[in-house]
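The next part holds the structures, each set out as structure tokens.
Okay, so chain A shows up in both of these, paired with chain B first and chain C after.
Coming up: the complex of A and B.
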């Protein structure tokens, strides 16, 4: 019962979706203010979701029906599960189970995979272009992301448990203030931008060139599922980075401040950069960012 | 009035369907999205795919080719889908009525909800038309 409650309501689905939608509003509002506009009201993203749930869901002719409708749920379920694991860990660090960091890393790839599956089953050429770009992007950012997490694991003396990483940081200070931690953090911020599918790494959903790319054939409640998944990820991934790198003080107010600081970084990167081509993004992730993460790992082994 | 329609009026995602216009109406429509007229404060966003659209903004006089495309676009859009005819051409074909390549007006192909006349209509006029559309969906006068 308690598990169901925490999955569906408090740190899980409902709570993370609400926080994510409000964070999405902050993103839209800040973007509007940067462009000297007024921007939408705070409830805009909630209204969008309610509207999409009330609309017709069109299934294109020739699409694989089951896969097409199932893949949005796949992404949403795994994103909500990550939100639950992280939320419970922040509240009660001692209840986390061994190896939950690995589970989180695996589950965070599933939303991207669900986008790829859904786009491939929709029988649209633009969607398949979007799917192939998403696939290449996943290959690109997973390597530096996992390397920077390995740096954190080495720093906290081999703990692959979120609770033990938090404990280590509470005892010895945040990972962020050491050299290796800082470098890994920078690499992880770029990976976070790509995981959230924001500019400059939004080539799988490039609105101007391939319409909505991977999501082009989705409408109604299936599209609402994808929007909710995006919202939950916008809450989850910054929270994961705070836990891994910046976890020395996780009192509620400090946690909110750190989350908003990371959100502002994401929004600023989003608003000051043009979209990269997929080959440029791949070169970027396998070149400088991976190099940064490798240096971080080496420094962590040496002990800096 | 139910929640579904209320949410629809608060977040209309528009799809720009240009059926062989002279581009003046398109430029005025895009003006709506610029910082000066900022239509996003009403929740109106331009989307790239017709599957995400709640409203079609139709500009221009349909000819034999775009007529079929417009019919197809309307059938592809998920219902409820609203249609806004922008400019004199889309409203009633003005000077192209007798033209050899103009088979019919927009409202003979798909049901139009709001007509915004003008050649081209100013962004203010388009905003006023969209507000009328919202009022019509809500059933207000």
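Coming up: the complex of A and C.
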């Protein structure tokens, strides 16, 4: 019963979705202010979701029906699961199980994969281009992301458990304040931007080129599910980065402050850059970002 | 791998604000061929204009395009004045300066509009919003001079309709001074940003030879190293009385097109300043009554390139023939070479980089393929549209 509660309500699906939607509102509001606009009221994202849930879900002719409708679920379920694991870990670091970091890394790829599956099953040429871009992007950012996590693991004396990483930081200070930790953190921030599918790495949804690309055929509640997945990711990925790199003090207020700081970084990157081309993004991730992460790993091994 | 997929851009697509249709043939991300289909916005303006009298036509052609809404009436008025003996011979000096000021203000607002859209197309929405914010004071200047933000209604055969009041001149000068730092900012933000450079340099390159072959005009041609500008080559208005430069770039890519437009903003601001300083006092209208029989042409450098109007008069109060060639008609075609070979992302940008304006460009004629007989022209289309409207009005 407790497990079900923590998965569905707190800190799982419902809670993370609400936080994510509020974070999404902060993003929209700050973006609007940067662009000299007014921006929506705080409940706008909730209203959007409710409205989408009430709309008809159109399935394109010739699409693989089951896959088309199943993939948004897949993404949402895994995103909610990550939110649960992270939320429980933050509250009770000792309850985390061995190897949960690996589970989290795996589960965080699934929303991207669900987008790819859903897009490919929709039989739309624009969606298939979006899917192929998303696939290339995943290949691009996963390598430096995992490398930067390896740097963290080495820093925390080899524990692949979120709880032990947190405990290590509580005892010895945040990973962020070491050389290797700082470099890995920068690399991870770029990966976070790509995982969240924000400018400059939003080419899978590039509105002006391929009209929402991967999501073009989705409507109604299926689209709402993708939006909720995005919202939950907006909550979980910065939270994961806080846990991994900045976990020395996770009292509620400090946690919120750190989370908002990361959110602001995301929003600023988003608003001061144009969209890259997919080949440029791939080159960027496999070049400088991977190099940064490798240096971080080497420094972590030497002990910096 | 030779697996061609057709990617449609249009007729309704967030990339372009007007209906048009580009069929991109792609292999993976690479564009191998492109079909350009226009004709969704045809309104039969030329035909309509032959049913209006000369004073009305200036207002009609103003509505060809909401962005170049000084260039089209100006070109038409020039064509009519060509029949009368040339603009310089009949139009009062002050009116020439006012025409030039309106024409250049229009260029500033059009280039800022394009800059914003270009930012939007590369996903840089901050540039979009900021460019349009700084475009607002330009529209305010228009409102001060002619009472309207977008359709100016200034051109009149033999002069202009409204004077610029002396008490407005300091306000206009101040607005121009305020605009300059904003243009500086865009120059810094767009031309020195490494990410924008990475995105725009080498994208959609149109070589000088291609630009000549495809008859491009305006900033599109000037970005490819062709040194043409109607304002200098065949001066009208007060352009030969002020100092300014034609901006030419060599590379022909989207970055060069952006550079040309940003640098032209400086020239426009300088032209307007000089005009405001030099403008003599006096009449603004030559009070032309009749247009004698004859033919005339008018060429104006619109923000997108050369805008050409041909008018034939038989001595009555309406043109017998009115032919319009808008710049986008030439520029859009050059996408056929510029966009092929790049990726879809680049193609989307390239299509937008000529600053296409479809409603200037549209023309339509329906032919029977077997007999080559005309079965529908502009007038039929208007009738069709009127019938449709009548049908819609019925409850």
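Quick note on the criterion: the second predicted complex is superposed on the first by the 304 of 304 C-alpha atoms of A that agree within 3 Å, B and C clash if a C-alpha of one lies under 4 Å from a C-alpha of the other, contacts with A are read in each partner's own complex, and residues count from 1 in each chain.
We take it that a residue touches a chain if its C-beta (ideal position, glycine included) is under 8 Å from a C-beta of that chain, and two chains touch if they have at least 3 such contacts.
All values reported here derive from a predicted model rather than from experimental measurement.
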Practice task
Evaluate whether chain B and chain C can sit on chain A together after superposition, giving fit or clash.
Solution key: clash
Practice task
Could you tell me if A:157 is touching chain B, chain C, both of them or neither one (first, second, both, neither)?
Solution key: neither
Problem - chain B versus chain C as contact partner of A:35, first or second or both or neither - result: both
Problem - Partner chain in contact with A:207 - chain B first, chain C second, else both or neither - result: both
Practice task
Check whether A:199 is in contact with chain B, with chain C, with both or with neither, and answer first, second, both or neither.
Solution key: second
Exercise for the section: Tell me which partner A:95 touches in the superposition: chain B (first), chain C (second), both or neither. Expected result: neither
Practice task
For A:58, select first, second, both or neither according to whether it touches chain B, chain C, the two together, or no partner.
Solution key: first
Practice task
Classify the contacts of A:48 with the two partner chains as first (chain B alone), second (chain C alone), both, or neither.
Solution key: first
Practice task
Identify the partner contact of A:274: answer first if only chain B is touched, second if only chain C is, both if each is, neither if none is.
Solution key: second
Exercise for the section: Have a look at where A:218 lands relative to chain B and chain C in the superposition and call it first, second, both or neither. Expected result: first
Handout entry: 39-47, 57-65, 93-101 or 111-119: stretch of chain B that collides with chain C
Key = 93-101
Handout entry: Shared chain A surface residues [contacts with chain B and with chain C]
Key = 35-37, 207-208, 211
Fill in the blank from the handout: So, in the complex, the side of chain C touching chain A is made of residues 5-7, 13-15, 26, 28-29, 119-130, 133, 193, 195-196, 198-199, 343-346, 348
Problem - Interface residues, chain A side, partner chain C - complex - result: 31, 34-37, 125-126, 128-129, 132-133, 199-200, 202-203, 206-211, 271-280
Exercise for the section: Flag every residue of chain B that touches chain A in the complex, lowest number first. Expected result: 3-4, 7-8, 10-11, 35, 38, 40-41, 43, 47-49, 51-52, 54, 76, 78-80
Practice task
Write out the stretch or stretches of chain A touching chain B in their complex.
Solution key: 28, 32, 35-41, 44, 47-48, 50-51, 54-58, 207-208, 211-212, 215-220, 223
